[in-house]
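Paired with chain B in one complex and with chain C in the other, chain A is shared by the two complexes that follow.
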Partner chain A sequence: MLDTVRQIETPEGVSLRLHAAGATVRAHAWLIDFGLRAVAACLLLAVLGMLGAAGAGIGMLVLFAAYWIYGVVCEVWMDGQTVGKRVMNLRVVNADGTPVTLLPSVIRNLLRTVDGLPGIYGIGLVCCLIDPHSRRIGDIVAGTMVVHVLQRGALAQVPNEAPEPPSTPLRLEEQEALVAFAERGRNLHEARQRELGDLLEPLTGRMGNAGLRKLLAHANWLLGRT
Partner chain B sequence: MKQERFVALHDAGWSEVEGWMRGSGRKAWSSALAERGLDFPSQYRRICQHLAMARARGYSHEVTDRLQRIVDQGHRLLYRPPAPRWHRVGEFIVAGFPRLVRREWKAMAIAAALLYVPTIACLVMIHFRPDVASMIFSGQALDRFEQMYNPARDKIGRTSGTDVAMFGFYVLNNVGIAFRTFAAGLFFGIGAIYVLVTNGIMFGGIAGHLDAIGYGGPFWRFVAAHSSFELTAIVIAGGAGLRLGYTLLAPGRMRRGDALREAGGVGAQLVLGAFLMLVIAAFIEAFWSSVAAFPDVVKFGSAALLWLLVIVWLMFGGRGRRSGD
Partner chain C sequence: MEIERISVVLRVRSARESVDLGAAMLRRHARPIFTAWFIASLPFLAMAIALEQWLGKPWLPLLFLWWLKPVFARIPLYVVSRAVFAEAPDWRGALRGTLAWGLKGLPAWLTIRRFDPRRCVLQPIVYLEGLDRGERSRRWRVFGRGVEGPGTGLTLTCTMFELVLALSLLLFLPMFVPAELWESYWFNAGFLRAMPHWLSVPLIVAYYLGMSVAEPLCTTGGFALYLGRRTELEAWDVDLAFRRLRNRLLTTATTAILLIATCFATSTAHAADAPRGGKPDAVKVSVESAFPVPKPGADQRMNDVSAKVLADPLLGGKTRAWHWVPKHPRAPKPEEITPEKSIEQGDFAGVGLALKGLLLALLVAAVAWLAWFALRRWPSRRGDPAVARTTVPSAVQETAVEVAVPKGFGEQVHVLWRSGSRREALALLYRGTVERMAVRLDEPVHPDATEADAIAGARRLDDDDAGRRAIRIVRTWQYAAYADRYPSDEELAVLLGGWPVERA
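And now, the complex of A and B:
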């Protein structure tokens, strides 16, 4: 429940990380899609209404498309994203992490009728909360899941400081933690930075800002700067 | 190798691939590949190796996260399933779908029995006891049926609406029912059984009642042609739903999840075929069945041809030589 990341080993021997999307974001995406379809259908019906009885027939085809076909067409031809999912940065993927294909998409959209019961997505919600990858029944039968599309953040740089080797050799995890702190420490306010830095007093031999600078110097050395 | 040096060595290559993938997202994959040739797979695999090295050497998150993003995106691009091919559609209709229906003949037979046994039972019952019809339908509904199939009308099977309007209505209504029948089959088949049996009772009830009051002629003239595609499609969608529900109950020698995924794949193909059949049925129903002017020979002759077409198609389509796969 806590860790929603699913790891898949690729043929290259590295692992993909799929971040399962929970019920709330998916509900948002669904609402956006729903609104979009409702508005589009209303506009089209209003125009078709002027055509008389034949217009009503075409109008019903429009309703049919909006209800049953919209999801499949979007998912298959827009890389697993309906408009709502694109806005919310979600994507439907097959079990191997590739964008969803036709048959799985058909299955998951047909079984929406089951997930939708009772009321608004009752079964789907319960299933989504129980499943470790937040899949609804349609996703389980289709073998798909909905994942977050990760956005690329700006790269954080370690501030420059004259490099200095640590007084005692550090283990790999300790090195990683130290560099991560140097990269992201600036996101914390200064008192908190100092507080964290003071925990490493045995390593740096200093307290406060001097200790922080010393840590940065070690991080610079670990990164291989000269 | 220290992290900074590693990044300095490879940064240019990573940036180039990142930039290219960002651009190719919008372009069609084939044109993107043509422009890139065979470079991309080897470049991608080199980056995978960089990621593995970065992990093993304990480089910071800024490096591993960036490489992870490139790998995620590259994987999607490189192992992207082929786009749907249109010639496969024709192949599926002519050969694949009939083959699938025959392979799942047990489910189809049960679904057919669930639909036709109540139909015939109702027909026979109302033939001998006409008052049974008023137990099945309300008086209002019976009135409406009698209006729809009144022999004096020039359009049968409807009280109002033009051909196009009725076509839209039939698609929205009938295809929706077929889709729901399949989906509801997941509840251990109960949903599919319910839909099949109630449709059978309805159909048999209407037919029996109209026959009893002497409106049988227009009714059979109306349903004979399009029922070939429509009833068969309902049976197929129901059968697909039954198979889904049965798989949930008795997955056989597979794990339940795997068995369900397989049944879902088979079911989706069957439902796609049924969808096509129902669109054809709606077309016939709206533009051909409703015309009352043709003589009986034309009406029933065309109906017999359509039934023959459906039966031959489903029994013999795709037999013999397997092409392609």
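And now, the complex of A and C:
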């Protein structure tokens, strides 16, 4: 099955799902970061430029920080997110899903020099497109990856119905499908809802709207409502 | 085909994740896609180069290649759309299938819609759903709501990738040329004035290669957006899960019945022999059922139903909205136009000067502090403890008081008290009392005797009144010595008037 999710089983038996972020989103995040730094640097240099040679010296230091330190500081102290990544809902994590720490962050940011070759991120882009988890060389060496931060929708959208357990025990993915249907069913056309509901006639024993109500009742039961 | 072989995890994805899925599909099916792509497009590259050699204008072949992108984009779309249902064709199949599409949609893509940035998401509707033009535009109104923005964004991003890849190839070129050779060429041959002729072929090839990566990426990303939107609109993921569950329930029921039947029918039959029809959860879903081709004009009922569905306000029908508007809108006040003052060189000179002064002052302060710090820490000065350490005023002041108590110490106590040395006066009074007491008891004064010893001595005196007075003097001294509480002048006078100061 093709998906962009990397599944990790922890020693405690918990499976973590990391949604790897691809080249396009990462390019957007990088562009935002780049634009921010460029604007900030321009404003600062305009002010410092009036101070003559001393200002130019300070400007050089600021540019150095913006290029080399910005990424590390943001990733380590801002929860793995630079400003651009925060806007695009991305996050840098270690390959095992733990928050990124100082050393991997420093390594992946130092290796920007390689990914940035020949000056416009050509190597980084190609590497990102080839790698199954969309990592650039810096990520591969540092053992990190960039993932989507998922926003969970509220479960409250499931309509209320007196809960009722299903007649046979359901597997996990079947339970998920039932709840997903209850959540998103209202966005579907009525005929489509009935069509889907009729598929589960062996489970509910009913057709049409009665079957739909029964499915809603099962979903309410699965959600633990009383 | 069986649902287990569907090659994509269907779930509701955000647009960004859908685009990532497109890139993953491209990676998975890179071999047939790129083989077919290069076989189909290399002849056009040759034509572009020939065009350049013939006309001598490098921009023309670039435009030619760019214009033909919709033609080549059909190859990745064909492969990926079949691969979703695990019918991934090889490159021959891809070329054949693309050719079988004929001219469908191409004239529009190559002319009036060539600049449409939504092409990547529109393509699947045109090529995969056999709708006529009117239905297509109605469907797009419903369908496009969620994917127009991401589709446009994807096209722009892929254009950027194309330029990045092409420029990267060109920029790698000077990296492998020896620097001195390059410099002499750069300056002598006038590289900056006109593009050298030999560069046009690498330019075209670099653009072609960049396009060959970015355009399939754009197409597969657009297809993934299309898939995501259909999953969202038609709940495909739920549909598949429900079908699987239905099949599981039906198979279990059938197996149970068969089991019972075989148990009763023949004793030789085994439960494992029960016909299970291959994989139990198999569901038949095909490309044809996912992308149905409606027969033109044949299904009037279907058309009626779809027209009714499309008229539903939820699905993009007409809506009517009311809102309040002021009856007599106030005429907007004409804005006064103030001529903008252009920024002069001298405008910020004052600020700059002030900042410069501030920085200089900070510098001077920093240097001065450094000098002071260095002087304090200089090794030759660190050896001198008198300088390094300031003396801490001790709480206990050593007082030079003669140990021997004078005969008539009462006057001396008086003198000390009046001169302000109250503590010394009381100390003298205490020591005198202890000495007198020792004389009276006929015991030597121990050098380590404490006030408690003095009080014990006073209790041993045969004269009760003298003992009480001695105890009172000791207590007064203790209050003064340890608690800084001094008696008043009258109290002191009482202490001094009588034994032990005045001999009884």
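Keep in mind that, in the parts below, the second predicted complex is superposed on the first by the 166 of 226 C-alpha atoms of A that agree within 3 Å, B and C clash if a C-alpha of one lies under 4 Å from a C-alpha of the other, contacts with A are read in each partner's own complex, and residues count from 1 in each chain.
Quick note on the criterion: a residue touches a chain if its C-beta (ideal position, glycine included) is under 8 Å from a C-beta of that chain, and two chains touch if they have at least 3 such contacts.
Everything quoted here is computed from the prediction, not taken from an experiment.
Visitor: Which holds for A:I107: it touches chain B only (first), chain C only (second), both, or neither?
Guide: First partner only, chain B.
Visitor: Which partner chains sit in contact with A:E176 here, chain B, chain C, both or neither? Use first/second/both/neither.
Guide: both
Visitor: Just chain B (first), just chain C (second), both, or neither: which does A:L222 touch?
Guide: first
Visitor: Does chain B (first) or chain C (second) touch A:L125, or do both, or does neither?
Guide: In the superposed model, A:L125 contacts chain C only, not chain B.
Visitor: On the A-aligned overlay, A:E12 touches which partner chain: chain B = first, chain C = second, or both, or neither?
Guide: first
Visitor: Tell me the contact category for A:I140 with respect to chain B and chain C: first, second, both or neither.
Guide: After superposition on chain A, A:I140 lies in contact with chain B alone.
Visitor: Of the two partner chains, chain B (first) and chain C (second), which one does A:L63 touch, if any: first, second, both, or neither?
Guide: A:L63: touches chain B, not chain C.
Visitor: So which positions on chain A get touched by both chain B and chain C?
Guide: In chain A, residues 54, 173, 176, 180 are touched by chain B and also by chain C.
Visitor: What residues on chain B touch chain A, complex-wise?
Guide: My answer: residues 1-5, 25, 44-45, 48-49, 51-52, 58-62, 66, 68-69, 71-72, 75-76, 79-81, 84, 161-169, 171-172, 175-176, 179-180, 182-184, 186-187, 244, 257, 260-261, 263-265, 267-269, 271-272.
Visitor: Show which residues of chain A lie in contact with chain B when the two form their complex.
Guide: 10, 12-14, 16-17, 53-54, 56-61, 63-64, 67-68, 76, 79, 94, 96-99, 101-104, 106-107, 110-114, 137, 140-143, 150, 152, 155-156, 172-173, 175-176, 179-180, 183, 222-225
Visitor: Could you list, by residue number, the parts of chain A that touch chain C in their complex?
Guide: 1-5, 19-25, 27-28, 47, 50-52, 54, 88-89, 117-123, 125-126, 129-130, 132, 134, 148, 168, 170, 173-174, 176-177, 180-181, 184-185, 187-189, 191-192, 196, 199-203
Visitor: Can you name the residues of chain C that touch chain A in the complex?
Guide: Residues of chain C touching chain A: 6-9, 12, 14, 16-17, 19-21, 23-25, 27-28, 153-154, 157-158, 160-161, 164-165, 167-169, 171-172, 175, 213, 217, 221, 232-235, 237-239, 241-246, 249-250, 252-253, 309, 312, 314-315, 348-349, 351-352, 355-356, 359.
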